[in-house]
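Multiple structures follow.
Two complexes, one shared chain (subunit A), two partners (subunit B, subunit C).
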Partner chain A sequence: MATRTIIPFGPQHPVLPEPVHLDLVLEDETVVAAIPQIGFVHRGLEKLVEKRDYMQFVYVAERICGICSFGHSLGYSQTVEALMGIEVPKRAEYLRVIWHELSRVHSHLLWLGLLADAFGYESLFMHSWRLRERVLDIFEETTGGRVIFSASNVGGVKNDIEDSQLAGIVAVLDGLASEYAELSGAFLNDYSAASRMKGVGVLTKEQAHTLGCVGPFGRASGLGADIRALGYGAYEDLSSFAPVTAAAGDCYARCEVRVKEVLQSIEIIRELAAKIPAGPVSVPVKGAPEAGAEMASRLEQPRGECFYYAKGNGTKFLERFRVRTPTAINIPGMVTALAGCQLADVPMIVLTIDPCISCTER
Partner chain B sequence: MGAFKLGRMTMRSLFGKPACAMYPVKTREPYPRTKGHIEVDIETCILCGICEKKCPAGAITVSKPERTWTINPFSCVQCDSCWQVCPKKCLTMESTYTAPSAAMSARIVSKPEAAVAG
Partner chain C sequence: MRCEKQVFTAIELPALLASAQAYERSGARFVQCCAAPGADASGADGALELTYSFDTGDTLENLRITVAPGDDVPSITSLFPAAFVFENEMHDLYGISVSGISVDFAGKFYTVAAPSPMTSDTAAFEVRGKEGSE
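Now for the complex of A and B:
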């Protein structure tokens, strides 16, 4: 038996956008096991629910994470709305899904850039982020913010998108889609990209199912789980929706799923922009959640299924608010995928679960 | 599979306009809805303090005795709550950012004394 060496990886590492620590147990250059450790950016945001009332807390919820900011404000809003029995106007539901899908486009483009950077393809990284800027410009034009929008709140959304602006968004996405076709060709068909990703960090369908993997990470192993298929909000009005899946379960499959999900999101935005109904975008909210009332809801974040729980206590302050994020669930899958890989592939495999440690630790 | 899949895009980048602006020589026009900073029309303000109550970050302080409206721009999270609840519509979200500052000081706006009738 070769001598075993333990190498600490992270929490500060050039390839990691966020702090996660791994103790890599090596035999020569092969990773035998990886022991994860998190807890470097815990901020105690859930406790703040006792200090900010349920209308103000939406601004705290969207600061759980910079990339999934709109998703978290949407998840929090829909949980409290269900808790209080508030029915949101249809137009607000459409606008929420449009912003949420735009968030998925920018999140996946960001991830694709980071992946290209991880396997040393600098120009591909720059071009991915160049395209992402156009989505951020759409956010700034429609909500006023590029990262934190403060667009969704309990009872609907804060501002409307005019029909002319919606047509403009679709035109920008059409232009983005044609350039994206070239970009995705480089990710999926380029020899150098494929040679770094194919057959690396394999997670089988059985392993993904046993470990409960979610999001593109699980779908790349063949799991068909996507909360959007349940039809929450405006997703129920889509003519068709089928989760993007792949079978191989390696880094290439995870890249392929995300590349195709960007196109799927653009299609969803096109369809919803074409059939968005007219009407108000919010309803007035009065009162407070009842004492002891509990509610849980789920939504599909760019990284996978996210679970929200809220409990009322009869006042304007919630008793408890809890978020279970996709990265927290995918860490066991990541550790399994790391076992048996080469040391040089570790950064890329860690990246392919799209870790969002800020979400996980809140 | 093949190589040089990014060739056309790279050539366009080589001979086309740069994707970034030469900041600060060239700055981009903000969108009308861009959240820059909060301005107050102190003449119209009645110092009711609703903006202070609604501010989730505690950035606004309104003092009736001292007749001042104070905002700490370093605490403001630009959530739009204050101007949307203002009963006199004297708060506005301007689309320009505030100038850089060397000290983290609050901005105090004093309401002038009402003119004595007669």
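Now for the complex of A and C:
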């Protein structure tokens, strides 16, 4: 047996914007095992639910993550609404999904840029983030914020988007989509990019299922799980929805799924913008969740299924609020995908689960 | 909004592994497990509720177990390896003893300022690094 060496990877590493640590057990250049560690910046935001009432806490939930900020405010809001039996106006549900899908577009473009940077394709990184900037401009135009929007709250959304403004957003996305077609070709067809990703960090469909993998990471291994297919919110009004999947389960497949999901999100926004109903965007909310009432709900964040749980105690303060983020459940899959890879491929594999430690360290 | 179909089923602690095994054999996907203050909302008796969630395809099924301080909870990582993240979390944040975790961090998974911080009154916390700063 070859001599085994343990190499620490992280918590500070050029490919990681946030701290996560791996002990890599190597035989020569081959990784035979990886032991993960998180918890360096755990913030205990779930505990804050005891100090902020259920209307205030939406702003805390939104700050769980800077990339999926809108998704967390939406996930929290819809959990509390279900807990209290609040019916949200249809227009608000459409607006929520439009902002949520815009968040997916910007998250995936951000990830594609980081991927290009990781395999040394600097211009591709810059072009990815250039396109992402247009989505951030839409956020700023419609909510006043580029990272934290405070647009969703319990009972609906805070501000409407005029129909003329929606038409403008669709026009921006049409322009973005045509430029993105050229950009995505570089990710999927470029020889250099493919050579870094094809056959690297393979996770089979069976492994992905056993390990509970979610989001593009799981779908790249052939799992069909996408919470949007359950038809929550305005997703139930889509003419059709089928999760984007791939079969290879390698880094290239994860890239392919995200590349295609950007176009899918733009298509969803187009359809909803065309048929959004008129009407109010929020309802007044009174009272408090009943003592002992509890509710779980799930949302498809850009990185995958996010689980929310809330329990009431008869006051305006929730008894318990729980978030299980996609990265937390994808860590075991990432560790499995690392086993057997070459040391030089570790950053690429870690990156392709799109780890969000900010979410995980909620 | 339209609520996702979900059920909460109360079971006794000794039935946890058998129930989890039934989900594993049926092909259900492990979603998460977490702890929360128990039926006595004041937490006076220190009881905690554990919730194990599984996706069976069309329903989110949740197993509910109430544990008392000192109870030993068996790990389900032999059936659902992904549970190690959440079982270590239950130990570090709630002080729940979980035995047989496949990757057991023995209390070092989270760096916390106080033991079992999620069961304590936050007002009682000491802020690290502030000693003698004023």
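Criterion: the second predicted complex is superposed on the first by the 362 of 362 C-alpha atoms of A that agree within 3 Å, B and C clash if a C-alpha of one lies under 4 Å from a C-alpha of the other, contacts with A are read in each partner's own complex, and residues count from 1 in each chain.
As a working rule, contacts are C-beta pairs under 8 Å (C-beta built on N, C-alpha and C of every residue); 3 or more make two chains touch, one makes a residue touch a chain.
Fair warning: this is a prediction, and the values are worked out from it, not measured in the lab.
In the superposed model, A:Tyr309 lies in contact with subunit C only, and not with subunit B. When the two structures are aligned on the shared chain, A:Phe40 is found in touch with subunit C, with no touch to subunit B. Look at A:Gly224: by the touch rule set out above, it reaches neither subunit B nor subunit C.
In the superposition on chain A, contact is made by A:Arg324 with subunit C only, not with subunit B.
Counting residues of subunit A touched by each partner, subunit B versus subunit C, the larger count belongs to C. Of the two partner chains, neither subunit B nor subunit C is touched by A:Gly279.
Residue ranges on subunit C touching subunit A, taken from their complex, read 1-4, 6, 8, 27, 29-32, 34, 36-37, 39, 41, 51, 53, 55, 60, 62, 80-82, 84-86, 92-93, 103, 105, 108-112, 117-118, 122. Contact residues on subunit B toward subunit A in their complex (touch as defined above): 1-3, 5-6, 8-10, 13, 19, 31, 33-35, 54, 56-57, 77-81, 84, 93, 95. The residues of subunit A lying in touch with subunit B in their complex are 52, 56-57, 59-60, 123-124, 127, 130, 133, 140-145, 148, 150, 158-159, 179, 182-183, 185-186, 189-192, 194. By the touch criterion stated above, subunit A contacts subunit C in their complex at residues 35-40, 42, 44, 46-47, 50-51, 78, 81-82, 86-88, 93, 209-212, 225, 230-233, 236, 291-292, 294-298, 305, 307, 309, 311, 313, 319-320, 322, 324, 328-329, 331-333.
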